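So that you can tell them apart, the chains are marked A, B and C in the order they are listed, and the count of residues begins at 1 in each.
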Amino acid sequence: MPLIHAQSISAGYGDSRAISDVILTLQNGELLALVGANGAGKSTLLRVIAGAHRPTAGTVSFKDSDISRLTDFQRNKLGISLVPEGRRLFASMTVIENLIVGAGSGRAGAWNVESVVETLPMLKPLLKRNASRLSGGQQQAVSIGRALMSNPEVLLLDEVSLGLAPIIIDELYESLSVVRQSGLGIILVEQDLARTIAVADRIMCLLEGHVVLEGKSGDLTHDQITDAYFGHSIGSFSEPDLTTEEGVQA
Amino acid sequence: MPKLIAGSVRVDRYQRRALVTGVVAAAAFVALAAAPYVLDPAVTSSWIKLFYLITLATMWNLLAGYAGMVSVGQQAYIGLGAYGLFVFNDMGFDPYSSALIASVAVGVIALPLSFIAFRLRGGYFAIGTWVIAEAVRQIVIRFDNLGAGRGRSISNYTADPVFRNMFTYWLALGILALALVVTFYLLRSRMGIALQSIRDNEVAARALGINVSRTKRIVFVIAAMGAALAGSVICIQAIGVASPNQIFSVSYSAFMIFMVLIGGIGTIEGPILGAVIYFVMDLYFSQLGLWYLVVLGLLAILVTLFLPKGIWGAIHERFNISLFPVGHRIVPVADKFLPQSSAQPTVKEKRPNGRFRR
Amino acid sequence: MIVLNALVQGVLLGGLFAMAALGLSIAFGVLRVVNLAHGEIMTVGAYLAYLSLSSFGLNVWVSLLIVVPAMGFVGYWVQRLLLQRALRLSELAPLLVTFGLAIMIPNALVEVFTNDKKPLPTGDLAVQSITIVDGITIGVLPLLTLVVAVALIAGMQLFLARTQMGRYMRAAADDSDTLRLMGIDYRKVYAFAMALAFGIAALAGVFFGIRQGGVTPFDGQLTVLFAFEAVIIGGLGSLWGTLAGGIVLGIAHSLAGQISPDLPLLVGNLVFLAILVFRPTGIVRSKVAA
């Protein structure tokens, strides 16, 4: 029984199509990485799974039950938690308040403020600080911690390392490896290919809204992935201007 | 952006249709102007009300529908128009010239007031204009020579009731025509484009180098002058003001909003249609007393929620009719000799009709 | 001494204005909705209290136990059924909807209750007063009003800071879409905030009615302006600022009343407009919750 099964998803913004006929499956305890150029449709796919974006076609099921008609907050209550692109912290609130609000779904589990801080140690001295006065890396840690507070079974991470210093990214990934040990399924959108290959169980590469490559990360070579990433193998250099997608989420 | 592919397209401002509109409108104007010679004075005098209602609706629509400023304080300028008429009438001008002079004076007053009102945004702008209207009323009633809180009548007016009626009719018609012409040309000018971009996204408009405050301020002053002209017509028709509370009543804002919403906000045609609907409703239902106002309020809410583009918006969407072409569209040059109806726009037609999203 | 007395009375009056403004402040702070019918909600609250008095013979204070929750309930559903839809449509739509309500309510009230002032008697409380020193006498009722206003603001601050719903409200004000990702339906949070705003407005309406010796249908057109002025004078988004704004407005009214009884409204409006010009961010700069 897969944790998440997304069947024939198509979605877009207005008249422009971001993803077409994508199939995605996430198994228990698996870390699936979505790679692809800007505008390939990775974020859109995550948001469709989270219920934050309504697809034009396709269904999403969670542990074999169809959740296509559920809203984002209902899906969060079932155990699907999205760390949105751009972190999206509640800016007028402190770090600890952001974490507490993250527990809004009321799901029971191992995650609470203490365990989150233990897993993301950089938060420890920051708990009382206002979220608007954090560095990008700190904000990302809060955003991840906030998502964990709902004790998810599926964690959707959008652009974890975007704009962050390598040393901070290392620290975040260290924390994520601890998070993985708790057995939840993770779908990760990441620009950094080397890092993706290192951490992912399986990799899906999207190009212009289509899945162009998929496989266990051990079976794929770096070159294969970069080819798929830029679409060399299918003979196209075009990188479509899909500013709409980024714009909506900015 | 059209200019990126210059040469293959041209911007169609509906020149031909604008010309047709102009000719038809001029003919209608002449016909209406001749009406007092043909029709019964009772009919034409009831049209005076229709004319100033259309003027008020058009002005409020310019303010809210095109520049995004929801004012519930336009009664300030209606009242000032009426009281300004007293001031200039007392100086010896006839009531009709006084109305025109007063509107200029109101424009001069509205300019500094805009600096106060523009400190506030959105909903707070709305209540801010209301406060200004209240303050204006409270100041006006402090002048004994203006009748203080009791209202007063025009001291020096045309004695003959027939002439008075005709003059007032022509004044109201002239003001209406002026309001429509100004609105039409404003929206077809560069400022119309600026307004549309402000309404769509004020921050982006600013980034594009549009002087947002200046544009809004011009509209604010024009709308105030239009309201003042309507106010002086109201005053002349009643040969005075029954009470300052009535001419400065927030109900005027309610009527304007109602007319614009019902007709269709953000279109030129909508407020005209809305004013006609309101005028007819008023003829038949005003004896319901205050329940009538309750129904108006309810209709305004229902239209806002369930028919946000108003009746004209719905008509336009279904039949793609537009009487006053103020939009643009991009047409491929190759198609320019084809009849307009069959021209295939390469870019989706972008028109300011009906939409008033940020 | 006369001036000092006027100042004291102004502060007390400011309590009433602040109470009237609190609901407006909450609705704007959480939902960014300016409720143009805020004054009318106050008036309806006062009429409900009058009805409880005249129909069931309740005491004004007891009637609050019915009036405030009832208006809270109304606020919840007005938000869910009308304003939520309007919020999705455009920025103008909520304004137009609340303005529609502001037109409907007083006219319906006239048809139902006539224009006559309906009394809200409080027994001898209305006339009781405490003399502080010679020349300065404080009415018990205005004092009670100020105390209740301060308590409400303090309570609201605590509520926003310490309770889960309070945190949701602040989160919804920051980013309602992201709150949904936390498993919270922000529409319910909005509706709860509107319920609070309506309930507090109703309470303020009853206090206003008591002070005026009764309630008339068009009171709301006056009180909405007081409430709004207090919010802006105090500075948007600050509840304590709203109290300060109410007091400034109260003092302006009170001092102007010393000069001439027909001046307070005008002077209040002029003080407001002057503050708008010279200090548009309000007199209190604070980053409180909403």
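Note that in this section a contact is a pair of C-beta atoms (placed from the backbone, for glycine too) under 8 Å apart; a residue touches a chain by one contact, two chains touch by 3 or more.
Since the model is a prediction, treat every value here as computed from it, not as a measurement.
Chains that count as touching both chain A and chain B, per the definition above, are C. Comparing mean CA positions across the assembly, the chain most remote from chain A is B. Interface comparison, B-C against A-C: more C-beta pairs in contact at B-C.
Each chain gets one centre point, the mean of its Cα atoms, and the points for chain A and chain B are 51 Å apart. With centres set at the average Cα position, the gap from chain B to chain C is 33 Å.
Between the CA-based centres of chain A and chain C the separation comes to 44 Å, rounded to the whole angstrom. Annotation for chain C: no residues touch 2 or more other chains. Of all residues in chain B, only 64, 68, 70, 72, 115-116, 119-120, 122-124, 126-128, 130-132, 134-135, 138-139, 142, 250-251, 253-254, 257, 261, 265, 289-291, 293-294, 296-298, 300-301, 304-305, 308, 356-358 touch chain C in the complex they form.
Only residues 28, 32-36, 82, 85-86, 89-97, 99-104, 107-108, 110-111, 221, 224-225, 228-229, 232, 236, 265-266, 269-270, 272-273, 276-277, 280 of chain C touch chain B when the two sit together in their complex. On the chain C side of its complex with chain A, the touching residues are 164, 167-168, 170-171, 173-175, 177-185, 287, 289.
Residues 50, 52, 71-73, 76-77, 81-82, 84, 88, 90-93, 97, 100-107, 146-147, 150 of chain A are the ones touching chain C in the complex.
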